[in-house]
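Below: a set of structures, written as structure tokens.
Heads up, the next two complexes both have subunit A, just with different partners, subunit B and then subunit C.
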Partner chain A sequence: MIEVKEITKIYAATGGMLGQKPVKALRGVSLTLADGEAISLIGESGCGKTTLGRIIAGLEASTSGDLVFDGTALSTLSPRERHAKFQQVQLIQQDPYGALNPARPLGEALADPLRLQAKRLGKDASWVQMRAKELLQLVGLDPANTLYKYPHNLSGGQRQRFVIARALTVEPKVLIADEAVSMIDVSLRLGILSLLSDLRSRLGISVVFITHDVAAARYVAPKGMVCVIYRGEIVEYGATDAIIASPIHPYTQALLSAMPVLRGLEEPGPDRYIPAQDLDLRLDDEGGCLFRARCRFATDRCAQEHPPLVTVDEGRRLHSCFYPEARHVVAVPIEGASL
Partner chain B sequence: MSTASAAFPGAASPPHHRPSLLTISWRAITRKPSRVIGITIILFFTLMAIFGPTLYPKQLPINPAELYAPPSWAHPLGTDFEGTSVLAEIITGSRYVLSAAALAAVFTIGFGTLAGVVSGYFLGSTDQIIMRVTDFILTIPGFPLLIVLSTVWSFGSPIAMGLVLGLTGWGGLARAVRSQTLSLRERGFIEAARGLGLSNAHIITREILPNISPYIAMNLLLSVTGGIYAEVGLFFLGVIPFQASNWGVMLNLAFGNGALYTPQALLYMLSPMACILLVTFGIVLTLDAFDEILNPRLREG
Partner chain C sequence: MSAKLTDRSQQDFGLSPEVACQVRDLNVTYRVDGRELSALREVSLDIRQGQITAVIGESGSGKSTLALALMNAVSSPGRIASGRVTYRGLGEVTGMRGEELRRIRGKAISMVFQASQNSMNPLTRIGAQLLDLARSHDLPNPRAVLREAGDLASRMSLDADRVLTSYQHQLSGGMRQRVGIIFGLVLKPEILLMDEPTTALDVLSQSSVLEIVRSIQRERQLTTVLITHDMGVVAELADRVVVLYAGRVVEEASTAELLRHPRHPYTRSLIQAIPRLTGDPGDAKALEGQPPSLASVPNQGCVFRERCPYRMDVCETILPSFRFDGDGEHRFACHYEEARHD
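Moving on, here comes the complex of A and B:
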């Protein structure tokens, strides 16, 4: 189990002469990820979802806050111990092209971490070979046809499968998929998504799915949780289907409204709302609700007070809006319609 | 999952073997005639440097009766001002010149790559220290330094010569390798390797170096030519006391003995120059093969 406690991340401004303000990527995010659970972090570009994923994977340090892995706060560990803990969390990068070394055969890329693992477990070289084949089969790649190849011989989808196999070499408890399908050919995306959901159910690996695509999040974990992040802050949290059916926060509503509608078969939800303004990070963000400038329901109160994250539905759901109201924004199928 | 693995009915096919580096090199070199010529020239001079000197006595005979003799069967390139065969001098002189240049190249590449990679990968204070040393190396004028050093150190052995040339010449390469490392270390696969718990030594040698190896191999060959120019230049200027003859010494003596003013000495003067040019030519022709040998993307093209 991983607990994220009040994580903040502030990037110091570069080019101080221009008087730029430091960028607040995360403003106190708390989450709990149970073993085998799936959480989707959704939000638009720049909202901090990738930063959060990288902090959980140990690739970046937080400015404040702590991570608790199975009851052990990482701040109490030595760097070496912390490093070992972070191996339980593996990040699947967005770009499967950059994630593989172009100058080395794939078999070696898989054997390197496996050799480390073999040393830890006291296995021999034949175990490395066997395990490499096993993992490739697990992710749906043909070992005989993959091990001797170079990354440029594989398609984007195959590369992402290989990257997942490589992440599994260290037997992680958590996979963080950071926009893992956004750079893959559309026709191959579904395969990767079902692989992720398959790994979760078969190996009991927790999945943190970072995306801006609500449909993909739902596909990976229909029974999972969704965490909507806006400008480094959680604005809504709840079960995937509950959030899709009745989003409470206006930002979640705006996100869900952006899903494409199959006109002719579906019609837009009754409360569909697409904000007129784009995200403007330069806007003053101190005090008040961060979303107020783009929110159609904003009042004076939203400008003065910062809405806290409140619990509804007996703790199963969180939101931060002074005027919570479930609205229906996703498309509605038209009865009896056909193309 | 089951559908995905069923999509590969050839799962039982025999494992494919990657061709060895030797096969790959052979293929890359024979692809273009220019590369074949280049590698032939390099091999020719390498063999000359290794076996050539054993064909002649340690002290080449002089013959006062045949000063500046024209080419003949006994002396295909004529004779010099003492009546010694020019061809014999070229062959016996090649070992020092080429081995010192090869050693200089190895030292340059060794120091430059190590400094560049370590500096670019670890950054921070390691980078600061190494780069200040590099700046220092880049700032010292190499040639005058060699002249000063030669007053206290006799460059009788090619190792000493190679080491000094290497020590003064690695600055530029270190800078270039550092900048390549800086861009590589931000790539996804380096981050993935760190996330998987692979050591820094592993990341440097297995992940970063293979990606800059074509560049390093090309610099290795170019440093050989640089080394030849530098040492021949030193000998030509006569600032280094010499015990035995080599191409640089030949040029120095040719000028010193008035070869510029007698047309009979033309071959004596031109032969070492032609050798230097030929070696450089061979190296330049072979250079482009290295990218193909070491870059897997170009290999199959």
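Moving on, here comes the complex of A and C:
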């Protein structure tokens, strides 16, 4: 089990369009990832999803806060012990094209981490071979047809499968998939999503699925949780189906409203509403609700007080809006129009 | 030169009134390792006046190649091997060269490129690039172009002054994509080609970009070709859809008709593979296999047969010709009889 406790991340000022102000990428995020569970982090570009993923994977240090792995606070460990803990967490990057060295055959790219693993476990070279084949089969690739190839010989979907196989070499307990399907063809997405779902149920691996496409989250874990992040803050949290059917926070409602409607098969949801304004990271909304500049329900109170994250539905749901109201924003299938 | 163009603008070049551009038997090849490989095969279609026509297909199906061919802009190692592309008021463009083409591109026909940042100059401010664009088309009043760009920027909820004085790296992905669309619209083209205008944007930016395109298209009755691999984008925006597979058109219909009654097995699978927000996730089915590469596209029979659940013997050898449905407004290329029903 992984507990994320009050994590903040502040990037020093870099100039450019954000001016000279430091960027508050995460503003005190807490969540719990149980073994074998799936959590989807959703939110628009720049809200801090990747930053949170990288911190959980140990690839980036937080500014404050702590991570607790199976009851052990990482802040109490030596760098070496911490490194060992982070081995349990593997990150699959946003860009499947940048993730592999184009000059190395795929067999080698897989054997490298497997040899280290073999050393750790006291296994021999034949184990490395066997394991490479096993892992490729697990992700739905044909070993005989893959090991001798180079990254450019694979399609986008195959490449993403390969990257997942490589992440599995160290037998992680947690996979963090950062926009694992947004760069590949729609026709191949479903295959990758069900692979992630499969790994979760067959190997008991927990999955942190980072996306701005809530629909994809359902296919990784129909019974999983969704955590909606806005400007570095959790604004809503709950079971995937509940969040989709009755989002409470206006930001969640905006994200879901923005999902394309398959006109002809679906009709827009009755409460669909998309804010006209873009996310403007330069806006200084300190003190009130961070979403207020784009929220059509904002009142004076929202400018003065910061809405705290509160628990509803007997603890199954969290949200941070002064005026919570469930709305039906997602598309409604047209009766009899399915294929 | 301009006199010649004005003359032409009144001519229909044999196109019927509802057609803005007619593509006939278009073949485009790329030369790879000494071999000519076909990226587009016998593509014929009518792009309708004042409508949004979407071209959908997987990566490598030839979408960008088609967009380039529509402007006669396919460059080496590719070439238009044969075929005609005829525009109302402009004429046949595959035979045009040099200055004649340059005048048409950007002015009468304009293109918003895939990953549109690539078409912008990183070293020049956006405003200065717009002035350059105006001058390169010998517009009498380049400042008017800046004004138009400013108006467009405001409509797209951008701070016009800030955008025009920015360099591209100072803009977010969503802003950059909108600036790409401003470039595409600022010279008031008659035809707008957009290659993946929202890929790589998050859902909120995508939805606002789609809304902008929709309202400007309606207002100007702009003939638009929208290239995408995303059926959701098609459903939100397009009037008609052309489905491309391995360089061939396999189906074409109005958007609602295509979504409700897809006839070609590929189109069906494509729609079934969309992750949806509602319904049983188990209803969605992944499309097995992967599309052929240029070198492995079969030269005879149906191009989709390797992945087709309905494949029959005839599919191996005979290229399916188009069959029509719905007053001839819906066409699909498949041998399977039941494709007509259910």
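The working rule: the second predicted complex is superposed on the first by the 330 of 339 C-alpha atoms of A that agree within 3 Å, B and C clash if a C-alpha of one lies under 4 Å from a C-alpha of the other, contacts with A are read in each partner's own complex, and residues count from 1 in each chain.
In this text, contacts are C-beta pairs under 8 Å (C-beta built on N, C-alpha and C of every residue); 3 or more make two chains touch, one makes a residue touch a chain.
These numbers were taken from a predicted model, which means no experiment stands behind them.
Engineer: Identify which of subunit B and subunit C touches the larger number of residues of subunit A.
Structural biologist: Comparing touch counts on subunit A for subunit B and subunit C gives C.
Engineer: On the A-aligned overlay, A:Val310 touches which partner chain: subunit B = first, subunit C = second, or both, or neither?
Structural biologist: neither
Engineer: Quick check for you: in the superposed arrangement, does A:Gly191 touch first (subunit B), second (subunit C), both or neither?
Structural biologist: both
Engineer: When the two structures are overlaid on chain A, which partner does A:Ala34 contact: first (subunit B), second (subunit C), both, or neither?
Structural biologist: The answer is neither, since A:Ala34 touches no partner chain.
Engineer: By the touch definition at the top of the document, which applies to A:Pro143: first (subunit B), second (subunit C), both, or neither?
Structural biologist: A:Pro143: touches subunit B, not subunit C.
Engineer: Touching A:Gly156, do we find subunit B (first), subunit C (second), both, or neither?
Structural biologist: The answer is second: A:Gly156 touches subunit C but not subunit B.
Engineer: In the overlay, answer first, second, both or neither for which of subunit B and subunit C A:Arg104 touches.
Structural biologist: first
Engineer: Of the partners subunit B and subunit C, which touch A:Met130 in the superposed model: first, second, both, neither?
Structural biologist: neither
Engineer: Which residues of subunit A are in contact with subunit B in one complex and with subunit C in the other?
Structural biologist: In subunit A, residues 191 are touched by subunit B and also by subunit C.
Engineer: So in the complex, the part of subunit A that touches subunit B is made up of which residues?
Structural biologist: Spelled out, the residues of subunit A in touch with subunit B are 57-59, 83-84, 86-87, 90-91, 93, 95, 98-105, 108-109, 112-113, 116, 137-138, 140-145, 147-148, 150, 152, 163, 166-167, 169-170, 191, 195, 198.
Engineer: Please output the residues of subunit C touching subunit A within their complex, sorted ascending.
Structural biologist: 58-59, 157, 166, 169-175, 200-208, 210-211, 229-233, 235-236, 255-260, 262, 268-279, 281, 283-287, 290-291
Engineer: Where on subunit A is subunit C touching in the complex?
Structural biologist: Interface residues on the subunit A side: 16-17, 44-46, 155-158, 182, 184-191, 193-194, 212-216, 218-219, 222, 244, 254-266, 274-279, 330-333, 337-339.
Engineer: In the complex of these two chains, what residues of subunit B are touching subunit A?
Structural biologist: Within the complex, subunit B touches subunit A at residues 1, 4-5, 7-8, 10-18, 187-189, 191-198, 202, 206-207, 210-211, 213, 294-297.
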